[in-house]
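Just passing along the structure, written as structure tokens.
Note that the chains take the letters A, B, C and D in the order they are written out, and that residue 1 is the start of every chain.
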Amino acid sequence: MKSNLELYKSLYLIRYCEQRIIDLYHENEMRTPMHMSFGQEYIPVGVCSGLDMKCDITSSYRSHANFLAKTADYKSFFYEMYGKEDTVGKGKCGSMHLGDPKKGHILSSGIVASQIPAATGLAFANKYKKIQNFAICFFGDGAIDSGCFWESLNLACLFKLPVFFICEDNEWAVHTPKSDRRGYKDLKKIVGNFDLYFYEEESNDAEILQKKVNEAKNKYKRNPKPIFFNIRCYRYLAHIGIETDWNYNYRPKKVYNKWKKKDCLKIQKDKLFVKYDKNLIKNTEQNIEKKVDAVILKAKKSKSLNSREMFKGLFYEND
Amino acid sequence: MKMISYQEAIRQATYSEMEKDKNVFICGIGITSHAKAFGTTEGLEEKFGSSRCFDTPISEDAMTGFVFGSAVKGLKPIHVHIRSDFFILGMNQLANIISPFQYYVHGTIPLPIVFRVIIGRGFGQGAQHSKSLLSFFTHMPGFKVIAPSSPRDVKGLLTSAIRDNNPVIFFEHRWLYWSEQKIREESYEIQIGKGKIIKKGADITIVAISWMNVEAIFAAKILKKRNINVEIVDPRTLYPLDKKIIISSVKKTKRCLVVDCDWTFSGVSAEIAAIVSRECFDSLEKPVQRLGFKHVPCPTARHLENAFYPNAENIVRAVEEILQIEPMNLEGIEFFSNEKRFKGPL
Amino acid sequence: MKSNLELYKSLYLIRYCEQRIIDLYHENEMRTPMHMSFGQEYIPVGVCSGLDMKCDITSSYRSHANFLAKTADYKSFFYEMYGKEDTVGKGKCGSMHLGDPKKGHILSSGIVASQIPAATGLAFANKYKKIQNFAICFFGDGAIDSGCFWESLNLACLFKLPVFFICEDNEWAVHTPKSDRRGYKDLKKIVGNFDLYFYEEESNDAEILQKKVNEAKNKYKRNPKPIFFNIRCYRYLAHIGIETDWNYNYRPKKVYNKWKKKDCLKIQKDKLFVKYDKNLIKNTEQNIEKKVDAVILKAKKSKSLNSREMFKGLFYEND
Amino acid sequence: MKMISYQEAIRQATYSEMEKDKNVFICGIGITSHAKAFGTTEGLEEKFGSSRCFDTPISEDAMTGFVFGSAVKGLKPIHVHIRSDFFILGMNQLANIISPFQYYVHGTIPLPIVFRVIIGRGFGQGAQHSKSLLSFFTHMPGFKVIAPSSPRDVKGLLTSAIRDNNPVIFFEHRWLYWSEQKIREESYEIQIGKGKIIKKGADITIVAISWMNVEAIFAAKILKKRNINVEIVDPRTLYPLDKKIIISSVKKTKRCLVVDCDWTFSGVSAEIAAIVSRECFDSLEKPVQRLGFKHVPCPTARHLENAFYPNAENIVRAVEEILQIEPMNLEGIEFFSNEKRFKGPL
């Protein structure tokens, strides 16, 4: 479990990295379509810290917060965004396929729901090898439309796997609301009736979330069943890209205003103000900013994979 | 005749068929939202109502069976997929239900389904938003497969596809969307299964698929400078394939290069190369060569992505090799890229 | 709705046709793998008659009862089994793909669950064209394992389609019981929480079933929502083939004995004995037998599609 | 050396790898029930326990991702599918997750997955239990594709496949299950990517895939009677393909027939024909010909089913045509069928 300060650092790192994308995207050097986590950061931060980082995760293309919450590796993050060689992905992945399996972020997938089944397999391997580790799949509310979700849920419950299903429920699948996609009213009454532990959350508070996740983990230990969290959140920006999308009028701005008031960084920061000196917080932030800025400069200048090497890595060869 | 874009041509064909036949409907993920499937569904919901133009859950598998069922009962669905990578989530329904259905009933039940499948490049799309998989649907029996390369063709062929009583998979390359051409305003058909000579020439036949026709034309212009006359054949329909037009072109030019926008291994380019090698055995002066995607998943970084896709430069080099002439200097020539998009006219 | 006598006729026709398969299969002239309906006949009989046959159906490879309940076309049935030309399928379909779309049996599918989505499309077309007709998909309990089922269920509920989901729940998927495939205890609590009408049935009584189906149909008319029936039944024979399978010991014979006592033909016949003369019943049966036997003789002698015509029918050509 | 069947060879390879490496596990629909996946999983659950050999729900899509996930974490799954038609329900995971994964991590994470996929004929299986779709998995990058044709090969190649750190799709033809051969009892590897000359000959090269090797051998025996010496090449691995062995054979014989047990259009046979036509351009005396499934869904009735599949008779006729000799009298020769199954030895 993380202290308030640690949680805030993690949140701030993510927010700042994405802020830099917003600032620099126009330069046209990060040539990869961005699905921003902006506003939704508390979910992976709360979940991963609730498991003391003892987890492997898979996520959707909306992967920035997940990657950084799990790995804190802002260097790889920007190198990958800039398509440079010195990362695991070597620029082949970009924003949509961020991942570093050795650091526990197995993959990000651009196909809705397709990252879910892998988590059941990761969990199975942990159970098989008796490793005390959880597998987490992060997915959007849209993924629940997909049969792949239901099959995976059933498998996990049947095999009683140590897996967390984390639904990042921001209400929208691109521009389609849940009500236009669901033939039922209450997800809880359906998913909650599988053999699992069902939770809901909409606090936007990473600290509350981490506690609940930790509690769920303990429940699993007493009586192993998968865990499902439906976590409400709000996407501040457009489905894709770095801009807001109020101009399309498909979702009311007043909902944004409501969420903005309980912005997940603000929530944690307010708590810090009670405990810590203002300057310490400011320094913490500046420290992160400095490190990130430095990495971005290096990333820009760093070298790319030679395109003659593009055939490398199709197969694992180090046998 | 009016100058219109490929995407507008798609919209027009859809619009007039929906107007003409009230059994035609269109559905797909997000097609009613403001993006309007890259503009191709603009105005349809307003005109024809939300029972004939609608959004769907992210359930490609069941939706593929859904459109099938609706077609059996006399409707004429157009099912839109903004990526081929998403379309294949319906593989079970495609391979196991739709492919054999007509054969089961010995050709007696109309099965008018159009799958509009968008392929092609954006920028940095990566491995999951870049596949074409044209070959899959030509490999299995039961589908007509079309991949038009111009506004004129896309309008006529989509019209024919919607009117056809068989499942049609209609591949549209995104980079063609902005290409423009003068075409007839009223609706018209182009026969499915008929290829087209895009450009006449005597020295070599290039069989080009979808977007690759644009690259081939560009390459032909470059080669023209050194007096090489390329003939370009666009099969337009990949299944049933117009073998005749290809064969007679190669018999004339005696050389052949096949350029696909898909992987080559077990690809449509392999099929065409195999057919040409067999049918033009006595005429060919050089072996048939092929170009296509590099045999890796599509990488994201710009320079790798550029190396992944075949383009006019590769075509020029391949032609030079076939003709055994020195590679020419291509410096200063700006090839198509996401920054320099082709706008036409062709 | 059908009278007891009509229900019995339909049941008897199915049972007798399958009995003839059992008798004649050893001759090796019906070259198609048989998935027998034996024991489960009341389901399609009750369902189709509850809708006054105003329905289009899709079914699994366990299609015999469904085909005969819907079409009563025992001639096509046997011609197809013998692979003869004078049927819709011309011998291309065999037992697994029985169907006659013009008579309302759209298709039978050998891929578990794959026949389900089509029914949503049939229902959509009826609704679109304002035709008062229902679509029915018949599927086994195994189909619920498949994502395809969940996607179709969701679509149907979202679009409020006139469709019946009929689960022919015989407990087994080949040799695997439900408990080895399901990560939940109570299907009703899950499926029943979609926007639909949920029914359960285990009477083995076609008459009771037809009433319930009729009632469900009327509910739809008042307030359109799809209908789901989970119908318990018992497969008398092996998963595939014409033999019993007690020798494999995977399911207890005593369960069979319980079901056998309430065999669905017996239930209807007992009711007939109250109303009708014994001889009338006997005559009815003999009449069916005679007709079926005559058709079988003709089928055997009938001609097959010339194999030079094997390329015909790949595409619809009568434009 | 002991006489064992193809199916027993599969069982033995699995058994010894599971014994050797506790990370190997096997799963698939119904594999623990008494049918034991046509006998190939016999005794595994008893020996290794139900955590290493287990049945699954009918959820091919999620199970494909499940085995992928388990492999990323160091397990070595063997996922059994009793039909290729069922296997493709996992297409999304195969094409979108597994195909690009290794490339995303630049070859640094072992990804040992074996998909055992059973193809082939039974009797009257119809359109949904008869597809091979070999071509699909050679078309997409990221897979090794193997299709052994003898007990000796299946044992060695399955051993190699299980030990390989990459996704392998392992196609087993049902009609080979009963074939027998004397093979070593202890476990051994056969290198993936290496073809084999099944029979030497000077007059024509037949490249045969999977079961078609048995048909080719039978055809060769018939042709031998009129002094035609066929060379048979079994590529064994379809991707990566051993082009060399094929090319050098054809350079010698100057004629080539490719016989696949799949449809031909955009098939592996097209790829091989295209390669041979290009690489042996100067040696070929006749165009490369192909045989495969007829381009329709597989019909059920016996006589139609027989006409659907290529067999030794078709091979004899094709060879005669290539060699431009009169068709011989084949009356009285009984070809393989469901009634007359091949038992080996080869």
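One rule holds in what follows: a contact is a pair of C-beta atoms (placed from the backbone, for glycine too) under 8 Å apart; a residue touches a chain by one contact, two chains touch by 3 or more.
The structure presented is a predicted model; accordingly, all values stated were derived computationally and were not measured.
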{"item": "Reference chain A; chain at largest CA-centroid distance", "value": "C"}
{"item": "Comparison of A-D and C-D (more C-beta pairs in contact)", "value": "A-D"}
{"item": "Separation of mean Cα positions, chain D and chain C [Å, integer]", "value": "36"}
{"item": "Geometric centre distance via CA averages, chain C-chain A, whole Å", "value": "46"}
{"item": "Length of the line joining the C-alpha centres of chain A and chain D, rounded to whole Å", "value": "41"}
{"item": "Inter-centroid spacing, chain D versus chain B (mean Cα positions, whole Å)", "value": "32"}
{"item": "Shared-contact residues (touching 2 or more other chains) in chain D", "value": "56-57, 59, 61-62, 85, 89, 92, 96, 100, 103-104, 126-128, 141-142, 295-297, 299"}
{"item": "Sequence positions of chain C contacting 2 or more other chains", "value": "89-90, 92-93, 97, 109-111, 145-148, 151, 154-155, 158, 180-182, 314"}
{"item": "Chain contact topology (line, ring, star, complete or other)", "value": "complete"}
{"item": "Chain B-facing residues of chain A, complex", "value": "31-33, 83-84, 89-97, 109-113, 142-143, 145-147, 173-176, 180-182, 248, 250, 304-305, 307, 310-311, 314"}
{"item": "List of chain B residues in touch with chain D within their complex", "value": "85, 88-89, 91-92, 95-96, 99-100, 103-104, 126-128, 131, 133, 135-136, 138-142, 239, 263, 265-271, 273-274, 277-279, 281, 284, 286-290, 295-297, 299"}
{"item": "Chain C-facing residues of chain B, complex", "value": "25, 51, 56-57, 59, 61-75, 77, 92-93, 96-97, 100-111, 141-142, 144, 164-166"}
{"item": "Chain C partner contacts - residues on chain D that touch it in the complex", "value": "29-30, 33-35, 55-59, 61-62, 85-86, 89, 122-129, 294-297, 299-308, 338"}
{"item": "Chain A - residues contacting chain C, complex", "value": "145-151, 153-159, 180-186, 189-190, 193-196"}
